[in-house]
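Below you will find the structure I want to go over with you.
Note that the chains are named A, B and C in the order they appear, and that numbering of residues resets to 1 at the start of each chain.
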Amino acid sequence: MIEVIDTYGMRLLAGLWTTVELVAIATVLGAALALPIALARVARNPLLRWPASAYVFVFRGTPLLIQLFIIYYGSGQITAIQDTSWWPHVREYWGWICGIVGLTLNTAAYTAEIVRGGILGVPHGEVEAARACGMTTPVTYRRIILPRAFRIAWPAYGNEIVLLIKSSVLVSTITVLDLMGQARTVFSRNLDLNSYVVAGVMYFAMIYAFDRGWRAIEARINRHLGERTDARTKRVFESGPA
Amino acid sequence: MLRRKFVLAGTAAVLAAGLLAAPAQAETVRIATEGAYPPFNMKDKAGKLTGFDIDIANALCAQMKAECTIVAQDWDGIIPGLLAGKYDAIVASMSITEERKQKVAFTVPYYKNYLRFVARKGKPLMVDKAGLKGKIIGAQRQTVSAKHLETKFKDSVKIKVYGTQQAAWLDLKAGRTDAVLADIYPGQDWIAKNKRFTFVGKKIDINDQIGIALRKEDTALRNRLSAAIRAIRANGTYAKINAKYFPFDIYQ
Amino acid sequence: MGERGRGPDGNMWDLLQYGDQGYGDELVRGALYTLILAAASAVVGVAIGLGLALAKLSQSRGTRLLAFGFTAIFRGVPELLIMLVVYFGVGIAITRIVALLGYASRVEVDKFAAAAFALGLVFGAFASEVFRGAFLAVPKGQIEAGLACGMRRTQVFLRIRMPQMWRFALPGLGNLWMILLKDTSLAAIITYDELTREARIAAENSGEAFLLYGAAGVIYLVFTALSTGAIGRLERRADKGVRRA
């Protein structure tokens, strides 16, 4: 294992950085996309509800690999893309771009459901009190529902980000040299299984560190609730996926 | 409840049986090929393996008077599979390289390969270090093409590697790479089907000999295969197979 | 590679036909292989999950630690990585072990076994938590009543805890099944001929990526919808006779 780290350590670190980049960007973009979708999902208007539900159904019901292939190889079918002026500048990163798009769309669907769960978990008494005080719906959302929903959904959302980190390995199939992509290239050189083992340890460490950090933040944002052994506050490594 | 236990036990038994196979019979040679590398190894419309490599493998087995089974295995896993004992020989247009010789042993070569760049027609490309500077070149992972790009063009081109040759061609078609460096005969095969692409530059001779890979300890089988290769070269069988796919002798 | 042409009128939908001209039969076969892989992995996973759950509930601290450690590893490492290690490594490992024991025979780990084993391990790790929660949710009163009636601990386990546990475990297991269905697509990367791989071969040869991956996506959606319905029905059946709060 030391030889792998010695010879290929820099490559694997470069891959790790790419993975972190991908996950961070997809998380932010996915969250931004998830919020309107979640709001649409709980809306009273079916014209808002239906498309949102369909989106969530499709992106949660199909494998990420298929989604990535459709985006990457499908875009290869659209020859018009090759004729645009910006193509020469982006084509080198096309796999990366497709990876971001795919991961974002996928995580947005799962995150929207988590946010929806959070919204639905807000004690109705608080919403009623807001209405009684004369708050309009947008204000109620902004001041009462969303802050509370955010805290309720925090553990589940952390879980989702962990799943995103694990799903990010699939971008290695569309030519992105993330940590998994580098590991596969290294393995194809030295045929040493340790290449994968080292990558595995790096992923495990990344996820473990993230989980600790997330739970520390959770303790802080919920500190007004005092010490609690909340059944919902489960460790990522112990509870099931959201 | 009890039935559930039976189902669990039964499936466990089936899985165990699937994991452990009986030891190979003495006279059956299990051969692996990729199946994604026209015209050397590919799957026909019915899904059967066919191509130059398959014909050569069958001819060699006939020469050795042995039973052969040919299976498909993806390129990334083809050497690990050999080392793990899934099959006994690899006939998949594999180049004899020093790197590979550290893990496996090769027979005498059964043809010689050249590399050549493939690019879109009408876009002139000088295939030297200067001409290719900044360009994106594709190649299949774990091949001599990929190695050649990395050693000779390291600081000037951006290299993209793919799991299969087909994936490399697809990205070339989609304009994501400027050119692909590939083996000359599969390249020729692909150009014939994709008229908007052509070879650029001369063929690159890195003395790339193609051989059959075996585990290092299987010296007996290796010698028999080498002898068979020489035999079919001598008795005209090789020429017949060669003529089926190429109008010229690919041995040299 | 087996190229299919478009029909004489150049219609791309012809690519979905059965038989030699279209990829329809390959996709259906792939879909079948997907189901088989998912089923086998689920069986392995439930077995491993139950074992791990019992280990986590055991009196011995060492056993508990091992079980939690195992779970942490298989939940903190990407499934694809595990599959690749199993695929490439287990064959070599078993061959070496078997060689040490004196047998010269070679052991094959084929793609199906590797994929089922890897997916089963991950399923089992997650399922162990579901089972653990489910065991803990069985009302203590019933266990005490069983013991009071003079049942042995094993009898209490088999007759009271196990049957009731399934009711609590179903939602979690159902969730894991849905995830497993989609994770079978990872087996495409070790070239097991399930649905995603068949779609990829078809798309690469025909150039119609949207159509073929789209068709595969629709099949997965059908599986998802059918599974959701089936799991819902199972849950309702299991909850028969239970008073809701």
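Annotations
By definition in this document, a residue touches a chain if its C-beta (ideal position, glycine included) is under 8 Å from a C-beta of that chain, and two chains touch if they have at least 3 such contacts.
Computed from a predicted structure; not experimentally measured.
Counted as hops between touching chains, the shortest connection from chain A to chain B is 1.
The most central chain, judged by the distance from its Cα centroid to the centroid of all protein Cα atoms shown, is C.
More C-beta pairs touch across the A-C interface than across any other pair of chains. Look at the CA centroids: the one farthest from the centroid of chain C belongs to B. Mean C-alpha position of chain A lies 38 Å from that of chain B.
Between chain A and chain C, the centres computed from C-alpha atoms are 22 Å apart.
Rounded to whole angstrom units, the spacing between the C-alpha centres of chain B and chain C is 33. Multi-chain contact residues of chain A (touching two or more other chains) are listed as 73, 76-77, 173, 184, 187. Those residues of chain C in touch with two or more other chains are numbered 88, 92, 204. Taken residue by residue, chain B touches two or more other chains at 80, 83, 170, whereas all remaining positions touch fewer. Across the complex, chain B is touched by residues 1-4, 20, 40, 43-44, 46-47, 87-88, 91-92, 94-95, 103-110, 112-113, 116-117, 158, 162-163, 190-191, 204 of chain C. The part of chain B that touches chain C in the complex is made up of residues 1, 7-8, 11-12, 15, 18-24, 35-36, 38, 42-47, 72-74, 77, 80-81, 83-86, 166-167, 170. Across the complex, chain A meets chain C through its residues 57-58, 60-67, 69-70, 73-74, 76-77, 162, 165-170, 173, 180, 183-184, 187, 193, 196-197, 199-200, 203-204, 207-208, 236-241. Note for the complex: chain C touches chain A at residues 68, 71-73, 75-82, 84-85, 88-89, 92, 126, 129-130, 172, 175-176, 179, 182-186, 188-189, 196, 199-200, 203-204, 207-210, 213-214, 216-217, 220-221, 224-225.
Interface of chain A with chain B (complex): residues 73, 75-77, 81-82, 87, 91-92, 94-95, 173, 175, 184-185, 187-189, 191.
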